[in-house]
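You will see subunit A twice below: alongside subunit B first, and alongside subunit C after that.
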Partner chain A sequence: MLKMEADKEILNLKPITAEMNILSRSDGSVIITQGDSSCIVNVNGPTEVVSMANMDMNKAYMEVSYRPRCGIPGVNERYKEKIIKNICETVILTALYPKSQINIQIQEMDDGSGIFACVINACNVALLNSGIEMRSTMAAVHCVLDDKDNLIIDPIDYSDDTPTFSRIQKAVRNSKYKADFTFVFESLKESVISVNTNGNFTIHQYNNAQKLCKEASKKIFEFYCDLARKYANVI
Partner chain B sequence: MKDPILSNNERAFVEKAIAEKLRIDKRGLNEFRNLAIFYGKNYGSVIASLGETKVFASVSCEVSTPKTTRPNEGTIFINVEMGSQQNEPCIVVTRILERTIRESNCIDLESLCIVAEEKVWNLRVDISILNNEGNVIDCACIAAVSALAHFRRPDCTASGDGEFTIHKSAEKDLIPIVLHHYPICVNYALFEGKTPIADPTILEERVTNASLILAVNAYKELCSIHLTGVSLTSPYLIQKCSDMAAERAKHIVEYIKDALEQDRIDRENGQAKGFSQSIKLTNIPSNFTDTQEIDQVMDTENDGSGELEEVMADESFEKIDSDTVASTWTKEESDESSDSDVQVIEESPKKKGIINVMEIVDTSSDDEEKETIVLN
Partner chain C sequence: MECKVGDVVMPGNIIQEADALAKESKKVVLGNGLRLENDSAVSSKSGLLCKRKNIFYVDSYQKKYIPAKNDNVIGIVQSKTLEFFWVDISYSELAILPYLAFEGATKKNRPEINVGDLVYAKVVLANPDLEAELVCVDSTGKKGKLGELKDGLMFSCSINLVRKILNEKCNLLHLLSKECPYELVAAINGRIWINTKSLRATILLRDTILEAEHTAYNQMKDLVDRFATELTGIKI
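Coming up: the complex of A and B.
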């Protein structure tokens, strides 16, 4: 019933490379490239709370700052910050760090397709690197629905538009697909902890996308294991 | 980014060492840290690193109206961010870069004009200081200049009566920004107002607030000069520093040009790796230094205290043993495009596309060899 005739099953993810500890002044940092997207994330914390208004007696306060590749951060970036903050609060054991603050800084470097998934994966690796206690790890997978109703996992999309810092031009990008999904899974029960969608799709397509992304997320969890194994060798 | 704490003991130690012409990281007084430049997949994005100091710069452009005083010139805007918010050091760096890049007229702003008095290209350089281990200004300047040199803007044709078309990259090749020269900032920390230390680390910067920042281009022309903290004690100081800075600038410009050329060749061959080429798995603890590197530094630091050495080598994280590997996910060269239609959602194990491949990092591919130049 979930089967769709024109559906392609491509569990290919774009090549991921990551390097931890690239910034000496941060508690945890990572540079990650995922196909045509890349970003640097650094995590600092737990530190004292900068503004007393944000102090929480029961858990750590999270602050996320997202810097776009070019131009000043605007509404889009605030929106992404909010989502990332929510996701991170889900996976971090914030109750272990009361009256303190955890800062996550994200610098987008190549904003190709699936940059948001790339950023979330980078946040996860940076958090692992920083040694902040986490409930589980998380993996984000990007998936699009093209004009022929095919679901494509993590498409390679060489956009030919030139870099611009005006927000209006940024917003009209990525209109070549019917819809795109970014699913975030946690590692314990492999359940969805966040979904971010754009465009029009049916519930079947959504379910299919989720199913595909869940399969693909296993590869990312494997990648985390690989990464941890390599670093554990040296440390 | 955390601010390091400076103790009195550290301060005394550094000052005493400098008086004996020694530096805590074993460099000579006029020795620079390793420089590395990596270009991203997009035009105009660059990571520059000077030792552990890392700066990301990206250039973007859009069409806007020109200033009324300069109706046939494009504009350039430089924005520097350090940490999450703007603070005082950022403004200082922004100002120095503006003077170095904008006011030295290194960019041909007239070539950015589309229709005089109506439409010009507006360039924006966003500089993000990722990691501050001292000498941010040098690193930011190198990043900004190499990003500008790397950037391509869309071509534009004006068709009379004030109308014009901006071509996509598929229609017409993107065109580079015209740079007349490459101004390079060279920062010298001044101890006791007279001993210049090249490429100060953050500790040295904090011990002495005095610094002399010279912007020089490859033709040994001084573009801007910035003195902080002290008044000049010696009339020869600026002359001496600007001579040293000129040599340094020449090497850096060569390095930037080599990196650009390499990137151009990679792009022509369709092998632009983007930032993934900067990724190695070796510098796992960030303070990790392999013995080989120390030997090399020791070699260059020979006894002659009057001699000036300059070392420009690969970034330390490029010096890796050939048996260390980066973990890379390589996907199969898939046939995504060819068979589009009939495929059913069935788990067939061989379709699981992704294979975990250990890709051996090719260290020999980078042609930026270590070079040691001894100046007398």
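Coming up: the complex of A and C.
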């Protein structure tokens, strides 16, 4: 069982670094490193709709493309694209840009643990950088349940491992854990806008994980504020 | 979360100061990056919250231009129809520029503008559901500084650079004019047009202006000195 008093220790997130505006020809771009995972996100938009079938008279059409670190995108990437598209549509004020398209391109650089949380945080920073109007910001936190039923936020635990390349190796690596969770929170009411889970867990463990991640997400929101403050002073 | 003028705001923050002013039944104008939601002013971009008289706005970084009423923009004429030109103003849609929106133009006397020409125009209609509408005359029917831009060089930059060089605190354009005579149009849609007597000076001027984006206001003098050295070949 989890003890919330000990959250000082548990809530240690992996160090996050971000560099904005790294691509010269995009409207908003960022490279984010979160411990052992990192990715580049590029946002373009609002641009004209490429295919007339996707034209929406009431809101902007969103397109997300996800490139894995190696190999060609497959079903897994399609699945992630779909989730990211849904999350981004909740935070972006798409109704302000009718008859247009917003493109998000994601390139994995290092797929360590919690890459999905890293990608969502990167999308958020890239959207802030592009100046697209948003309802709120969002923060994703990764959390695992180990075989002794302890919840660990944002684990770094295979620094001794050689880099993993294949999906099988990754599956072996992940088998140490009973379950893993990725929660996405929005900043207004700090409510959950997306959950992605794997493995077996009880409802109690799920609720505890959500509570922990909610606490941890505050740190990420603070990070966004610091980033915006630093950037505002430079330009 | 409390947001004061001069602080950094994030999307979703409520601007209490604007709400308080509005409660005193004073007129409050919400500018760039702010909108009204449930009777309170809410930010929708990240950046510095600024206030001028009763206008609140967010000073944010942006490369993509979104048309707004009364903006002065540089457009590229894309095509002609019976009634108007279609003009590219670096937005997702083309904008409309009617033939009659030029000084002295009538149904018979049409402006001589061809596809590919540059026009400096004012946005009179900006609604996300409709195409933006441009004019090349002011309210008295005079063209003023608007109209076709002949010769010179047009280049794109970030919107912040345009805002920066048009800012009163920035003396870059004033300093440059002492070194070399030039014509310049800085349009808020992230396009700058310059014209000088020689091609060499034009290109140098462009590079200097682009470099100003990451130069502090008090270092503009050094930047212009470097420009002068390069232009004349005389070390200062």
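Keep this in mind: the second predicted complex is superposed on the first by the 210 of 235 C-alpha atoms of A that agree within 3 Å, B and C clash if a C-alpha of one lies under 4 Å from a C-alpha of the other, contacts with A are read in each partner's own complex, and residues count from 1 in each chain.
Going forward, contacts are C-beta pairs under 8 Å (C-beta built on N, C-alpha and C of every residue); 3 or more make two chains touch, one makes a residue touch a chain.
Quantities reported herein were computed from a predicted structural model and do not represent experimental measurements.
Undergrad: Looking at subunit A, does subunit B or subunit C touch a larger number of its residues?
TA: After superposition, B is the partner touching more of subunit A.
Undergrad: Once the shared chain is lined up, is A:V195 touching subunit B (first), subunit C (second), both, or neither of them?
TA: neither
Undergrad: Contacts for A:A228 in the overlay, against subunit B (first) and subunit C (second): which applies, first, second, both or neither?
TA: The answer is second: A:A228 touches subunit C but not subunit B.
Undergrad: Quick one: classify A:P98 as touching subunit B (first), subunit C (second), both or neither.
TA: The answer is second: A:P98 touches subunit C but not subunit B.
Undergrad: Which partner does A:L128 reach: the first (subunit B), the second (subunit C), both, or neither?
TA: So A:L128 only meets subunit C here.
Undergrad: Considering only touches as defined above, state whether A:A18 meets subunit B (first), subunit C (second), both or neither.
TA: Only subunit B; A:A18 stays clear of subunit C.
Undergrad: Pick out the shared contact residues on subunit A: the ones touching subunit B in one complex and subunit C in the other.
TA: Residues 21, 26, 231, 234-235 of subunit A touch both subunit B and subunit C.
Undergrad: What residues on subunit C touch subunit A, complex-wise?
TA: Checking each residue of subunit C against subunit A gives 8, 10-12, 33, 35, 44-48, 59-64, 66, 91-93, 128-129, 160, 213-214.
Undergrad: Name, in rising order, each residue of subunit A that touches subunit B in their complex.
TA: 2-26, 29, 31, 33, 36, 38, 40, 42, 44, 63, 65, 67, 69-72, 103, 105, 107, 109-112, 148, 150, 152, 160-166, 169, 208, 211-212, 215, 219, 222-223, 226-227, 230-231, 234-235
Undergrad: State the interface residues of subunit B toward subunit A in the complex, per the touch definition above.
TA: Residue positions touching the partner: 1-2, 40-45, 47, 52, 54, 56, 58-62, 79, 81, 83-84, 124, 126, 128, 130-133, 152-154, 168-170, 174, 274-276, 278-281, 283-288, 317, 326-332, 334, 336, 340-347, 351-354, 356.
Undergrad: Across the complex, what residues on subunit A touch subunit C?
TA: Within the complex, subunit A contacts subunit C at residues 21, 26-28, 45-49, 57, 91, 93, 96-101, 128-137, 186-188, 221, 224-225, 228-229, 231-232, 234-235.
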